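For reference, the structure I am asking about is given below.
Labels for the chains are A, B, C and D, by order of writing; each one numbers its residues from 1.
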Amino acid sequence: MEQNRLTTNIAGLKLTNPTILASGIMGYSAESMDRVAKSGAGAVITKSVGIKPRVGYANPTIVQTESGLINAMGLPNPGIEKYVNEIKHAKTVLQVPLIVSVFGYSADEYAIVAKKAAEAGADAIELNVSCPHVKQTGAEIGQNPNILSEVVKKVKAETTVPLIVKLSPNVADIVVFAKAAVEAGADVLTAVNTLKALAIDAETMIPILNNIKGGLSGAAIKPVSLRCVYDIADVVDVPIIGCGGISNWRDAVEFLLAGASAVQIGTAVADDIKVFQSVNKGLETYLRKKRYENVKEIVGLAHRK
Amino acid sequence: MEQNRLTTNIAGLKLTNPTILASGIMGYSAESMDRVAKSGAGAVITKSVGIKPRVGYANPTIVQTESGLINAMGLPNPGIEKYVNEIKHAKTVLQVPLIVSVFGYSADEYAIVAKKAAEAGADAIELNVSCPHVKQTGAEIGQNPNILSEVVKKVKAETTVPLIVKLSPNVADIVVFAKAAVEAGADVLTAVNTLKALAIDAETMIPILNNIKGGLSGAAIKPVSLRCVYDIADVVDVPIIGCGGISNWRDAVEFLLAGASAVQIGTAVADDIKVFQSVNKGLETYLRKKRYENVKEIVGLAHRK
Amino acid sequence: MPIANNTMRTTQILEIRNESPTVKTFVFTDRLCSKAKPGQFLMLWIPGIDEIPLSIMDTSNGIVSVSVKAVGDATRYMHTMQTGAIIGIRGPFGNSFTETRGRALLVGGGTGTAPLLFLAKQLSTKTDRLTFVEGAKTKEELLFLKQIGKICEYKNTITTTEDGTAGLQCLVTKPLSDVLDREHFDMIYTCGPEVMVKKIFEMTDKRKLPIEASLERLMRCGIGLCGSCVIGKYRVCRDGPVFTGAQLREIKNELGTSKIGIDGSKVPI
Amino acid sequence: MPIANNTMRTTQILEIRNESPTVKTFVFTDRLCSKAKPGQFLMLWIPGIDEIPLSIMDTSNGIVSVSVKAVGDATRYMHTMQTGAIIGIRGPFGNSFTETRGRALLVGGGTGTAPLLFLAKQLSTKTDRLTFVEGAKTKEELLFLKQIGKICEYKNTITTTEDGTAGLQCLVTKPLSDVLDREHFDMIYTCGPEVMVKKIFEMTDKRKLPIEASLERLMRCGIGLCGSCVIGKYRVCRDGPVFTGAQLREIKNELGTSKIGIDGSKVPI
């Protein structure tokens, strides 16, 4: 009964609840993702995987800021060849949908990686076209609607599982990108990745991150990511997954009201891996108090006039 | 002696210290701005003034968020005709430079308002081309480099005082706009205005701001505004004024190191109107400890390799 | 407290009381505002309608009361609200009246009586005598007479009405002159229409008597940023709403004369 | 403490001590880390070079010490630093060893001895007897012998070297077997090369003895996000670095066998 209120369905992905582990958080190994699933997540997303292994940047790769976090990991990942084994293994372990996050430097690369991931058992693919600190993938693809469209089309042609496109907030008008992705075949949109940011240390007078710039996540960006979801919900019909600064049930409710069908949680895992559980509990209570039978009923309600 | 270390010069504007009151903060009346100057600000900027009076939006016009603030005032202002009197009055009262912030709905409007403000005695003009929540001024002008360029050129042709262009962070690549503004004649760039944001109340299920969307300011956005300054400093030679989330001397130092010649402070005034004083005090101590004779010497040092 | 910790929260209206044909009192729980001091105000969000500043009229154990006069869209809408309705609260904001010993005089006009009632409750155990002068247009508009009478004793309560339906038929300033000449006061507190406040300030200023007056201005942010509420060099929301005689002297050119209007220009009051 | 409150701060190196030809101790002030418990670690930023995890070796009155072995770029660079140099600190992070009463056995290898020394200091007043077994390649690499001897008494200190230049000529695991069979221990603590830790775990597991082992992994964020340090379902930075026998049993397939490499793939140790 309790659980039913939270069950949802995102473009065919059946979720027992609308909380999803964001990409890049504890997302390498099957055991690690399974732990998060057992902590309450309705689905998990892997670290973004590319065509070849990448070691990422040297440390510091994160800086903690006022109610936020800047990261520039540099997309360390084993490359899809090696990672297919982990996907296969994860599928034997996980009891929730496994979404594989994919990045590339060209539409072809995206398509190859996505195809292999899907073949290995991914329940859905999320395209990371929005990593703000790795050149020639984030900036070039996620900030140009034509290239974005090409990437989405190629991937769509090569895969049949639900295709999620994760948008960048580092654009003048996210609606343009949302439309481009949906027209090109995206089944779901995730809004959003991190905001391009910088931290400098006054004492040593240098940027702290090894890569100089990174992506801001956490509570600090919530008002921006919430606005992105609201903007997109006005113009597209596909389900939206909200992401950026969600750390409690109230945040999750706000994203649902703004038009998200589910939410991803990343940075808040640092404070508590059980954040999925507590979001779900709060959400359940909220829905019960407001007399809603299912979480789907509140999606987009903030748009009523 | 102490004071000398903080004196600076921004495109001809002589400042006793590099802290400036941001536009929209206590910026209607001469007495109010004078109070801020006496609290330590090296210069003050008026509320943005347009060609006609505007009453702005109904309340709520602000929402406090985690380490930030979303505002959608809707640019309430008396219109330049009435405001010239306040400018003249302010000039008789103020002992620091008076910068008049100007907005418009067309290049002509900007030019007319700027001209009148300059004639009334403004020591400099700041063009607000970046208000994220008022249609047809922020979005249309500050997010299109061609229109921005046209506006700057028109204003430049009509005025002789230093021309400051305040950029929007709500763009894919702020460098494009910085270049466009400088090529069109901007003497100084301010980076940045607020980030487009939204707040929703879970209980009533509606957006809180009367205008629905607003601009995020305060500590939350500091990593983003700092990145904007850093990006711009790499490509333009005009002085930059950092703005966005500065609330203590350490923040100010970071902006100077990133390439700003001065900083604007807005939201932090809510916690303490004496923030200018305390930033200056900390900055002075920092420079002394690091054995710099003048604040200009540290501008841009974070770009060293 | 940093502003970030005073974000808006929602609460339900627990109780609504009619105080006069135009004034209702709204009661709700709010932890932060229930710790407010007399003189402080809160920003009350009427969802989908407006957000307005209101003086805190009473507090106890997490419970807060405000008294609202229906004067325009927002306040009239509030008068149609029922218990159980949801409102949003930010605050408490602003400074407060300073406590005094000895003899205190309180002069209230209209809903300006609300913060003074709160103050009177606080002062009652601390002062030797409290005198309350209240003015209104008609008998029905005289607010909180019973509570004031209890706290100050009826003999120390003077009421005036413009139509003479209760108390003296005159403005509140009239009996005040006599009282000020006849008795010694260690502090005079006032809140009400600004023209009234201005007159009272002039009376006390002439007599070199200490005064604290609470002012009202158009408020947007409530936290000292937007400049909507500025009078002279002061922000009513942050440096006020309570001002001392010395401060009132600094701003006497604007007091009761002009304010910053809705478009940011100075307009006559 | 929420992560936002544990941002990086800079501090100066106050003192540098040579502990062995390859290990130096660095001393600096840091309010937060000086309150750390034995077993916790910090992230140390070497400006412009790297940021690395280091166990806290000692704390007192705002002062913190770490002991660093030069093994690669970052640690070798640290060995060239002078007092007065600026470093950045985040932390303390991770869990800590649990306190025990009765008899405790500590088994350290290499710089793994550092957190155990810190632990020994804490335990010395609380336990009946502390036995310390330390192993190294050569005599010169045996760390903190003097301090350990003082805390545990020399007769309770067993040392081994691979080249026989001091103590017994063998691996640390050899004498351990005898000790474990001969004496009763209420808790066994260990930190050192993972192959050593694995062997010790197997020895205690067979004998059903309680154990706590501190592990090392490649660390990026240090706060449980990036997944670089995962072993089995645990994050060494957040769920560890100290693991109990029951936890070690859960992860025994990976312990001493494989880890997540720099590109996120599982690699052999």
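The definition used in the following text is that a residue touches a chain if its C-beta (ideal position, glycine included) is under 8 Å from a C-beta of that chain, and two chains touch if they have at least 3 such contacts.
Just so it is clear, the structure is predicted and the values come from calculations on it, not from any experiment.
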Chains in simultaneous contact with chain A and chain C: B
Label of the chain whose CA centroid is most distant from the centroid of chain B: D
Whole-Å separation of chain centres (CA-atom averages), chain B against chain D: 50
Distance between chain centroids, defined by C-alpha means - chain B, chain C (Å): 36
Distance between the centres, which are taken as Cα means, of chain D and chain C, whole angstrom: 64
For chain B, residues that touch 2 or more chains besides their own: 65-68, 201, 206, 219
Overall pattern in which the protein chains touch one another (line/ring/star/complete/other): line
Chains that touch, pairwise: A-B, A-D, B-C
Of all residues in chain B, those that touch chain A in their complex: 65-68, 70, 139, 143, 170-173, 195-202, 205-207, 212-213, 216, 219-224, 226-227, 230, 250, 253-254, 257-258, 286, 298, 301-302, 304
Interfacial residue positions of chain B with respect to chain C in the complex: 24-29, 31-32, 34-35, 47, 53-56, 58-69, 71, 73, 76-79, 82-83, 86, 201, 203-204, 206, 208, 210, 218-219, 266-267, 269-271, 273
Partner chain A, residues of chain D touching it in the complex: 2-4, 6-8, 10, 43, 45, 47-48, 50-52, 86, 88, 90, 220-228, 230, 232-235, 238, 260-266
